[in-house]
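Sharing a structure, written as structure tokens. Questions coming.
For reference, chains read A, B, C, D, E, F, G and H in written order, and residue numbers begin at 1 within each chain.
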Amino acid sequence: MNLDSIEEILQAHAGGVISITKATESIKNLSYEDIGFARVDHSRAERQGFPEVIFGQGKTKEQILSIFEKLVARAPNVLITRTNAEVFGVIRNVCTDAEWHEAAKLICLRRDNTELGVGEIAVVTAGTSDIPIAEEAALTAETMGNSVNRIWDAGVAGIHRILSEREILQNSRVVIVVAGMEGALPSVVGGLVKVPVIAVPTSIGYGASFGGVAALLGMLNSCASNVTVVNIDNGFGAGFTASLINRKWQSE
Amino acid sequence: MNLDSIEEILQAHAGGVISITKATESIKNLSYEDIGFARVDHSRAERQGFPEVIFGQGKTKEQILSIFEKLVARAPNVLITRTNAEVFGVIRNVCTDAEWHEAAKLICLRRDNTELGVGEIAVVTAGTSDIPIAEEAALTAETMGNSVNRIWDAGVAGIHRILSEREILQNSRVVIVVAGMEGALPSVVGGLVKVPVIAVPTSIGYGASFGGVAALLGMLNSCASNVTVVNIDNGFGAGFTASLINRKWQSE
Amino acid sequence: MNLDSIEEILQAHAGGVISITKATESIKNLSYEDIGFARVDHSRAERQGFPEVIFGQGKTKEQILSIFEKLVARAPNVLITRTNAEVFGVIRNVCTDAEWHEAAKLICLRRDNTELGVGEIAVVTAGTSDIPIAEEAALTAETMGNSVNRIWDAGVAGIHRILSEREILQNSRVVIVVAGMEGALPSVVGGLVKVPVIAVPTSIGYGASFGGVAALLGMLNSCASNVTVVNIDNGFGAGFTASLINRKWQSE
Amino acid sequence: MNLDSIEEILQAHAGGVISITKATESIKNLSYEDIGFARVDHSRAERQGFPEVIFGQGKTKEQILSIFEKLVARAPNVLITRTNAEVFGVIRNVCTDAEWHEAAKLICLRRDNTELGVGEIAVVTAGTSDIPIAEEAALTAETMGNSVNRIWDAGVAGIHRILSEREILQNSRVVIVVAGMEGALPSVVGGLVKVPVIAVPTSIGYGASFGGVAALLGMLNSCASNVTVVNIDNGFGAGFTASLINRKWQSE
Amino acid sequence: MNLDSIEEILQAHAGGVISITKATESIKNLSYEDIGFARVDHSRAERQGFPEVIFGQGKTKEQILSIFEKLVARAPNVLITRTNAEVFGVIRNVCTDAEWHEAAKLICLRRDNTELGVGEIAVVTAGTSDIPIAEEAALTAETMGNSVNRIWDAGVAGIHRILSEREILQNSRVVIVVAGMEGALPSVVGGLVKVPVIAVPTSIGYGASFGGVAALLGMLNSCASNVTVVNIDNGFGAGFTASLINRKWQSE
Amino acid sequence: MNLDSIEEILQAHAGGVISITKATESIKNLSYEDIGFARVDHSRAERQGFPEVIFGQGKTKEQILSIFEKLVARAPNVLITRTNAEVFGVIRNVCTDAEWHEAAKLICLRRDNTELGVGEIAVVTAGTSDIPIAEEAALTAETMGNSVNRIWDAGVAGIHRILSEREILQNSRVVIVVAGMEGALPSVVGGLVKVPVIAVPTSIGYGASFGGVAALLGMLNSCASNVTVVNIDNGFGAGFTASLINRKWQSE
Amino acid sequence: MNLDSIEEILQAHAGGVISITKATESIKNLSYEDIGFARVDHSRAERQGFPEVIFGQGKTKEQILSIFEKLVARAPNVLITRTNAEVFGVIRNVCTDAEWHEAAKLICLRRDNTELGVGEIAVVTAGTSDIPIAEEAALTAETMGNSVNRIWDAGVAGIHRILSEREILQNSRVVIVVAGMEGALPSVVGGLVKVPVIAVPTSIGYGASFGGVAALLGMLNSCASNVTVVNIDNGFGAGFTASLINRKWQSE
Amino acid sequence: MNLDSIEEILQAHAGGVISITKATESIKNLSYEDIGFARVDHSRAERQGFPEVIFGQGKTKEQILSIFEKLVARAPNVLITRTNAEVFGVIRNVCTDAEWHEAAKLICLRRDNTELGVGEIAVVTAGTSDIPIAEEAALTAETMGNSVNRIWDAGVAGIHRILSEREILQNSRVVIVVAGMEGALPSVVGGLVKVPVIAVPTSIGYGASFGGVAALLGMLNSCASNVTVVNIDNGFGAGFTASLINRKWQSE
């Protein structure tokens, strides 16, 4: 018996199919699995083609492995973000088809390659140094079933660089713009397209960039109306939300 | 002859249809109309059903009226945000079907009511004091052809309030969450839905809320992966981007 | 003769029992013991069952040992916080029943296990990475004679995780909530219980978390009325104050 | 039939007493009453002797009155904080026994005077200008059934002033310390007592006090282990939490 | 005898022409005139065609008039910045050819119209609301003998607006760019020209613009190498420095 | 019998001259007088020739008058800082020889004019707008028995202005330097003299001066070794401390 | 056929000389060369005697080498800033006449030594520790064809040090002032000369210097009208802009 | 001939004793000695018994040695602050009587031990971890000819610790108070004494101490009128200024 909503459980209990103790436990298990140091959340991901995701930073090698094993048992696609090569060594031991992406510091398992988007996603960077964060966004979107176009090093001080890619931008369903320093590129891109732009400030810069704060503030104050912003260096969040925007509505 | 892309102009000039002077001027006029103190931008809005928008703050009554007259000559729907009743008096003189929304400090002209979204948009507030900003978002989305559900005063300290609206949330194509103080509501909502959440920090609060900074930081650091953020009190930007997300892709 | 209040000393001097020089010195000794680089404070702790506490950070191995030896001569329970395994090596040499808690970076000597609380204390974390700070709080409370329930990884983006622990929370005399990133969990917990909630922001996060500032501000601006806040990563202070709240009043 | 927990509703529905529609609605009504612009939260307050509280700032006169009428229908004691004399005029029309406290900007209705605390609460200020915030704390605690001692203008630059009140402090179950400028007083008080100290930074000061930030930071960094902190000028939160600490455990 | 360098005074004293007392006084008078509340600085301005400038903010009407009278006695061109119409009323009484510029809040006396620049200066704004600060810059430059081109409302979210003015920009000796909000325009302009760009952040914006800080940080972190920055809203400083850059070298 | 030290009281009680109740009360009264909303501190001022001081900001007219009457009964010289003309009206009614200093917003009663300093104090401002704060410093020092030299408007951008006053500076026992904007003047003055320099940042400036923060930071980072700093706009503190430095040691 | 402006391309296409595909590609190539991770921008530099510049920070050794090879094929002078000795090892392998400047962390290739300035550039530091940043500025200006005078360690606390160099300063066409700590030197220098001053804040300092923020704020608030500012530690930007100011106008 | 004031040089030149070239050079040499990377400032120190001081941070071993050799040739007492044991190795080679103070990271050469103060200086710390900065202050004052009393670990949370040292404090001519965390101790000490108090914030603390900012703000906002502040961790500046305050006036 597969109880996967509170409503079903309520009805099952009312119908006498399950006890009140069982009903309580089912509601708990519905959303997560408790493994001591973590409550692994399965509820939304599994029937939707979302990858399961582990945020690697601040977790030990052993904790990551343990959560990974729980996830891989249920989901075809799994991401581990903000991790390192040493963790990859451990993961590869239990899962030989996992991939290591050095620039993005990301481990990716992709067993289901179904295309899930209605259009394409463009990922743009202002500079060469922004590429690692942009790759985190692009790989997340690809693992979530999207087709991604990469446009690197097209910052505003050489405005022809982004203008020459206008066609790709205008054919995208959503655009992710990754920039450090003054963070001006999302405003320019926002003005060129009629789709949502997700701006990712990066910690690239020095002095009064304050680890990405200058770029973050620039993006929040964008004079383009279609720009929303995620945390500094949060390529994953941008790739994840872009995938939700690009997903065919009510068809999953 | 309607020249509305650089490519067309290039071909027209190459074909000898227009002079190089005319080509240059056409490219200029393509995107804006210069009225001295402002360059009114028509290029994207007009064939897409977007409203034309005037950001009222920092402009004189005369400037707003002058821009408004240019816009209304071309577009069925026009918004004036961050304005006041005095400006409305001036606008109503030239356009009797404009509406004044006191709470949102917004003037709205809506002559084209075509439904343009694929789904519905939910707008949620944490508290009663956040309603004006939320109304700015909701009215913007409605003027852009969307159906909007309003959920007011559902902050996290009484968690049942938002949980009881789960059904509406889960049936939305995109959710806008408006909150001041600690800005925690978007994270909770983000965890309840599988669509994009746009978080709007408000300047509601006192002391260490620093005019909305606490809420802004809370939202940027959300542990929910599907939350993006706009500027403090930027209800308009949230409503605008939500409309783009909700729009049927490649069908306009 | 045990002179342990200024009043007693005053009367003893007035009664001719002690000289004015002795009276002066007694008042000084009453509250601390001067060992050169530190004034070891015994006055409050000893007759109350409080542990003596050494804040390890910024002190040399030799200084910690020296203070420890003064304390252990008087008190059954001693805590050394923010320390390391090397210091533990030195402490164990002189006190073999001291314990080292790796996660919390804390040395604990517990010879008196009397239960001193009226109820139980719950310690909750938003994520796995917050556990070390939460352990500092929990171990402090336990060393101070309390019974502690631990609830790990119950952040708001998966709201079922905390809701399913409501019973434990509602049976606690005081709840400690440890969270980084947006720091939203204390507001939710605060709304679920009718006892004091002590919020501990952690430095877990990145980018605009600013080393815990985002979580700190979120907690200070909590819309729940029963939340108070301690410094970023101050698990000890939370455990200490929770113990005072839980202590039976006027019975020590 | 009085359905006041989810468990009861679940059993009622299982027992066929109520329909699934009714069960759903009951869960909703359990926690709040929806009056359009606000969801009035009754769930916790009413059977516990807590006052119902309206945060007045940012709400219109009409909104406050409307919420007040809902609350007064159920609760004997009601507080309206951060309000003004004009609102009081409206409230007095419908409720002649409400009181206006000018300094604290607080309206207070107190029909139930049952003493609910186990001990006394001391409220201390550093300066004369901190009194309004301290009164907000004291009046809140009194309305919640506590006995309060007020100690005004006892800042650290004249250390005798606070030392001479040591006896009152040491006989309190909890101490609230209200201070602006450098915010040093809670550390001194914290060292004098063995009960929890709640520190309230105020926006009193000028220049580098930054509207209370200096005091807030001082309090968060207190070297006394028994100090927790609330938001700048949040006298209400301090009075509320102090009341919870002082309440007899498990006897209500 | 005209003693206008320390060297001359030194020689005059050595040659016995002036006494040591006189030498001392001459050195003092060389650079300023003491009128009690102010030391009016004449040393650099007078033989160079610079206007004398009074910073009006924070000075009384009487102080401004008094300084103005000292300056006008020596210099053909005088500027009073950050002032108001009331001060202009007083100035016009003593000097009928002074002009009042409402938008820029600036009084200007211009009796010497000699053209002093080698090229032209362009002043650009991102938005309509930035015009007052831009006018301060433009009027300062004009009073200092320059020819100025004004380009208003050419922000980056409609990138065609600035691109269409490329010719004027590229023919300028120096460009001043005035922008609030995200402050991105100077980077774009900097990439289009091969002359110095002076960026002026304005306090235009709301929320996380923090009174111009976002724009300021964006400009300081510009990825264009030819951008330098002045204080928020400091149109005068930009106009002044641009005039120095444009001045013919070693020909005055 | 005049009991003015704890030692005296202790001996009096030991000698049976006073009761233990009286001893306790005497220690309390020693340092302050409790008038309800304030504890008036007399202990240090009266036998030292210091003026009694009331910080006017944040106190009502009635509170100031009440404290003033207590002080004037004991002290010849009284200062009321950060006050206004309306308060002066009230004070003059009870004390006709009080003086109102408009610029410094200070009321001053000076009945004892004894010269108490060993040397002179110089007070310097960078600009005309800094004079009110400088006057607060100068009047405080004069009321405390010092001879003061005023040097106004000698900021570093016209370096001759301060250099020409070198003689006065070098003959001072202590120098107070008052500056807003970049706050550079104390470093220059510090390098010219061999006595302590007290730097007072003012809130004069705009934009990135952040209400005096830029000046404050400049002064704290001064490369001159003899500069210490007080709070923004704290002329009183500077004048007070300068008076202590200038006072003849051990001769009062 | 050399197509180096959009106008030329437009005419060539109109004249049938090139196809529309070729025209499009030419416009793209005009401004940059795409090498995957970077778009190398040649458009402005090459015909103007500007050096090509690589910002080394955040790029790998291989990326720098690859960009360098593209640049050196076209330009006689190339700079690599913010790099290290290891990168120099790689560069020297392909280009034996490149030079390594240890203090400035800069690689410099200089094959064209044509003098391009109208006057001289002075570079001044406040302290010894500021020299590395100042050398970056000086070497940039020299590589761009300027004659540079270096004045080291002339901070304001020993004001004679800068005054004694007045002659060099007054004979310069532009002055670069590099300072950490309080950042006061540019204001003093600005008052001594009648040319533009470019202020470079450095991260030299400790405590409340906040990594250069104190110096940056000081410079932005300079009371001298001829001071503009670049980012903290941005010696390159200062040297680059100074070179543009010093360049003979309209003669290249 | 010893020319040590501008006046003497002026007279010597006027009297024909020295040429104008010589006069110019003399004025330059008067104040400093140029050794390339530094201008060694001798002017004030040498005839006053001040030590010569080298700020070690940010200078190479070779630079420090080179400056040290210049200084030691003229001055009996020399300090090198913020340095390390390796530099001491180099210094000891040329000067065997130099001393290394590990805690304070300070090298000290003291050949002249003349007592120069009128009274004693007290140096107080709040905690054990503040001792290194306090030692820097104490050693500076001792090298400048003062007698110093050290009071370590007397923070306000155990208020008896500082009260028991009241006698030493009240017999001091000036008190230096060194504290991290909340920085409250200077306010308490300021209230106990009638001499100047110099407050030194330290970077001791964690979380919201922000590297000493909390302590710094606390001290700037001190409610004691006799407190001035130096930069975070600036023990040297405090010791230096205290020595100037303590110096007998007009007797050198």
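Everything below uses one rule, namely that contacts are C-beta pairs under 8 Å (C-beta built on N, C-alpha and C of every residue); 3 or more make two chains touch, one makes a residue touch a chain.
Every value quoted in this text rests on a predicted model; they were computed, and no experiment measured them.
*Asks:* List the interface residue numbers of chain G and of chain H, divide the shared ones by all numbers used, and answer same when the ratio is over half, different when under half.
*Replies:* Since fewer than half of the residue numbers are used by both chains, the interface counts as different.
*Asks:* How big is the rotation, 0 to 180°, that puts the C-alpha atoms of chain B on those of chain C, in steps of 5?
*Replies:* A turn of 180 degrees brings the C-alpha atoms of chain B onto chain C.
*Asks:* Quick check: how many Å separate the C-alpha centres of chain B and chain F?
*Replies:* Centre-to-centre distance between chain B and chain F: 54 Å.
*Asks:* Find the geometric centre of each of chain A and chain C from their Cα atoms only, then give the gap between the two centres in Å, rounded to an integer.
*Replies:* Chain centroid spacing, chain A to chain C, equals 38 Å.
*Asks:* In chain C, what residues contact two or more other chains?
*Replies:* Answer for chain C, listing residues that touch two or more other chains: 127, 158, 207-209, 213, 216, 220-221, 225, 231-232.
*Asks:* All pairs of touching chains, please: list them by chain label.
*Replies:* The list of touching pairs comes to A-B, A-C, A-D, A-E, A-G, B-C, B-D, B-E, B-G, C-D, C-F, C-H, D-F, D-H, E-F, E-G, E-H, F-G, F-H, G-H.
*Asks:* Looking at the complex, which residues from chain D come into contact with chain A?
*Replies:* Touch residues, chain D against chain A: 10-11, 13-14, 16, 20, 23.
*Asks:* Across the complex, what residues on chain F touch chain D?
*Replies:* Residue list for chain F touching chain D: 27-28, 30-32, 36-39, 41, 43, 57-59, 63, 82, 201, 203, 211-213, 216, 231-234.
*Asks:* What residues of chain D sit close enough to touch chain C in their complex?
*Replies:* 44, 48, 50, 53, 118-119, 173, 194-196, 198, 216, 220-221, 225-232, 236-238, 240-241, 244-245, 249-250
*Asks:* If you look only at chain D, which of its residues touch chain H in the complex?
*Replies:* 126-127, 155-159, 163, 181-184, 187-188, 190-192, 205, 207-210, 213-215, 217-225
*Asks:* Can you list the chain D residues touching chain F in their complex?
*Replies:* 127-129, 131, 152-154, 158, 160-161, 164, 204, 206-209
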